[in-house]
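Note that the chains are named A, B, C, D, E and F in the order they appear, and that numbering of residues resets to 1 at the start of each chain.
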């Protein structure tokens, strides 16, 4: 099995970290291909950058999905996940979505640990967009922006403190949201009182599970195969999926 | 006062219709500048096209907002509205958001009339994203895609029937969602039992109201001025707003 | 354009403050007529007083709306707004409703600053009655009752502290609820990190917008023109609107 | 024990029917005193009439509650119930509230049978105001207004058909909402597949239960004893409860 | 009237305390029969013990309900209440359900005081299962497990402090959840600012009220009389109610 | 990897069907052990039977989980899933829960196809208990009880018609709920327009994914390892997990 992992940020160092966690989580025999967003922000931290990232994720997935069995969208906002899911014939999973659904299998309520007050607002909105607000214990936002966490290990103290605050607010598990934090849960789990959910690991696991399950692409509903459409000024790979000739 | 109206679709004929309705709704002395999306779908009808449209709306707003007092985003999904609102220092209104908030001032529950089963699903998601599901009586989706409604007048029959079905389900007002239907409410109002809400007219009205109110740009929260960021592969106008030099 | 502003309290000093803010917010050419509740509490602060105020607002609106284009109901509970909206053929806006809907156009979540623990409970109920609970970040209730705030300027310290607490809880904007606080936002905005929403100003703005939009009175639904009814013991102006002869 | 039943309508014939059902439902030894609203609509059927009825109920309860152990507010909208509950030191129950809470003890979801499309909208709002929307299977509104049901027995056919439609939509019990329908459930129960809830009977039962339970009047919260207040133009009995001298 | 009270725990000392409170709350002429769970945990404090308790409650109710007019299920989780309600032809009330519905008649929001963080999670889930989350101000969990409260009187301090925290969070009344705390409210009410709700007392009150009301057993819906079924390995009394011969 | 599948019904023929579907869905190398409920109903179809089944599932899982890596609870109500999850140190998945979470990865809204009006009510309650109501398009209940579907293939017509009705109501995928229907989706998928979700297959897939992910057992929260407890009259295997000696 081959899974394409698309980093919604343009920073290759984050792509490498995501790729490493994806490989660590994958079953034997699963190949991981990790690519960076072709345009947009180095590290997405605003709504405007997310809007660009959604397009960039779609673009990268359209270009690189051939030969892959599933796509993982690696950005804490899951930007572009729904669009890519609709456009492609294969399973597409967002990392935060995957972490939240996996948290549901742990039972009870989950907490979300995220980075920066701006991002905390999106986390609430994202959880709500998945219809999962009733399962949310709380969101805790660490002050430092994701961009500064180049060495996750050195941030164990604040992260563990945030986890404890979430547990005190009723969290039965904690999702650490953010592509830049891929792999972090492995480092911290032994010191945390509840299961920690790494979105990349969860998304790879769910992607493998979906591939094995072999569900068909919908022929009806809001994720059905896209109809033929005319587009201009977008990548040829996207146009091809819409059965359109690219035009400038 | 000058209001920039950005069509999320690339079809200039729709841009002209939107511009005409915006001018018809505007106060004396308000100037309307209407532009088409610089790239993307001729008429957006899928999630994938919406993801592209959000970027295109942001791009167009970044390029054309100078000298304007407010922006109206004209696409039924309100694609790019939140991102543009965060990025710019002036009020930004989406047409469906504006229609729904105006419907709230009528009292009771609103209905939404939209086009195609795919789009009906987004309408529910969009209303939910605004936290307005409790005010929603029902969504009715006409079978024909928006693209075919080049002559709204000839579709009065199905539209009025849809409105009646919404009223029977408890709608105290009806929003006709879709940039391609700008102006339609004027043609049908006399034959409809409840107020009809044209998103373009409502958005222009709310934009004028917001400009007169003179609210400040937030300095905190999730819509605060964006911090300096590094982006690549995006339009120079967006980069400038992030205080970044454009890089390829 | 002429807008009737009905104070739900009987205190004329508050009516004057409301009228002044309404005039400050109105477009050039808009005339404001401000009247006090004809009976009830000097300053409404309980559920029982609100029930009386709803009747008093309806009574005042019925008597004074002739020649007006819209009505603004100025009392933090919006008492009587729905009833007056149904009874009259012109737009009717409540000040808290108007502040909350305007807050929605700012994006994200709003906070509500109010006065006294009793009133905090109503604020939650009122937000819920508008279906806007998902947009509510938090309610902060200042200890002092509204009646004591005869000099809003001297209360800047506690008000700004309350605003900061709301922002810390995720508010992207703050509505200051209470007719007695009309005009307060103008005094405090420069020192607040998010937009402050004055209900009177927002209601005047939305009323003007609604008048320009020219929506029709519903002929169906729960806000349709009232049928002919028999009433006794109520003001002749109300009876007239129901097409009834007043009886004692 | 003595229970005051306040009809929110001014029609004495309805008051008599309510009183008869209250007596039929009461325990031996419970005395029922039924009074009509002192002013307002003969039969309330609009929001505007409800606003007046809330005041009238409060007025009647203030005047007549002396010597009573509890108050039942008999009007389908429960107009004035919350206000009266706050103002008086004794338990106050609304008939629709009582029917819905009793329905909860039956388990599962309840249906609401009501009269006229206008009233159906309030029913949804009322259920929501009690936080009970998740328990609501559906609302069915019979076409005829309550005012025409002077002989409930002759309406058995449409009522039973409405009940069956509610059961088909998942109702495990059905509340027949409307003071004018007091006693109706007794006539129809044998022919209905689920328990029928008469608001007057349920409210008398809950009032008796509350009296026996002997809960104290809150000293804190939003239903605490009202503070001393100044009112004008309202009934002396209300003023007295606020510790105020009546002023014109 | 005769009411069967089933303790979901197997500890007879708790059964006696529950029985005493039930008798104190009952009307003159109501007989109380209190029985312990026939198997399961001495004091239920986990989800697993609750699953066993639900079966034990059903078993006890099947065996002992003959000659009774109603059943009260006395365990804070209301384990087995829905199942017993469906199986028996008489009213069945859970103690937490009864406390919450009675709290609704007080108006506004209720708080829940419970014991141990584990149980706090269930309390939220239980309130949600009744569709009453919108009425919930907060849950406060005292640290000590219910099992240690053999002398409720000595715990007045922490209990009253918990009540005050709930009032500060908006509770207009407080339910003290837990069969082991039956009778506690009587001891503490005089020192509490809001009404305290004892589940056993409320359930006895509602059971009496339901018996007087004489609602019929549903013949349709999800609580209708159970169909004939084949069961094995369960108590003969349960089998009899399903019209089945017991088999090993 | 070894997965224990516990049928919540006592019918061995259903256990065999479940086991076959579990094996068909499992990865190579995964061993499936399927056992029937040790006591309870042949085919669970009422709330009372579900209460018994929850205990029976717990009992079976306690007895048979040794040497297993995960447990799947196979009964449409997921009876006993939360209790078993809390009690055991390994992942536990319910089949309906698994189907719904997998449906979430398809995107949009899911429909639930179930059997009998009684069961339809539980389906709504179960979806709500998972906090997933916002993702639910509709529930369709086929008239025949699950017990009669001994030959699923012959029921293709009604099942496909039910699926089409769900799609028409907005379902992007459909879960066929009911242990007795294990394997049904494989037979029908080719003729259905949206992905069909077999709970057994989804639960096996999620169980495998959870085992590979290696999340730790919570040490805090409402699913933490159970404390030592005293129980009586229950199976020795349950007692052992509570660190208790079994007593009669």
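Going forward, a residue touches a chain if its C-beta (ideal position, glycine included) is under 8 Å from a C-beta of that chain, and two chains touch if they have at least 3 such contacts.
Everything quoted here is computed from the prediction, not taken from an experiment.
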{"item": "For subunit F, the least number of touch steps when starting out from subunit C", "value": "2"}
{"item": "Shared interface partners, meaning chains that touch subunit A and subunit B", "value": "C, F"}
{"item": "Duplicate of the A-F contact set - from B-C, A-B or C-E, the pair where over half of the pairs recur", "value": "B-C"}
{"item": "Longest centre-to-centre distance from subunit E, chain (CA-based)", "value": "B"}
{"item": "Chain of greatest Cα-centre distance to subunit A", "value": "D"}
{"item": "Gap in Å, rounded to a whole number, between the CA centres of subunit E and subunit B", "value": "52"}
{"item": "Computed distance of Cα centres, subunit E from subunit A, in Å", "value": "44"}
{"item": "Separation of subunit D from subunit E, taking each centre as the mean of its C-alpha atoms, in whole Å", "value": "28"}
{"item": "Multi-partner residues of subunit A (at least 2 other chains)", "value": "82, 85-86, 108, 117, 120-121, 128, 134, 170, 172, 220-224"}
{"item": "Pairwise chain contacts under the document criterion", "value": "A-B, A-C, A-E, A-F, B-C, B-D, B-F, C-D, C-E, D-E, D-F, E-F"}
{"item": "Of all residues in subunit B, those that touch subunit A in their complex", "value": "10, 38-42, 45-52, 54-56, 58, 80, 82-87, 117-118, 120-122, 125, 128-129, 220-224, 226-227, 229-234, 238, 241-242"}
{"item": "Subunit A - residues contacting subunit F, complex", "value": "25, 27, 82, 85-86, 91, 93, 97-98, 101-102, 104-108, 130-135, 167, 170-173, 189, 193-197, 201-202, 205-206, 208-210, 212-213, 215-216, 218-224"}
{"item": "Partner subunit A, residues of subunit E touching it in the complex", "value": "117, 120-121, 124, 128"}
{"item": "In the complex, subunit F residues that touch subunit B", "value": "108-109, 134, 170, 172"}
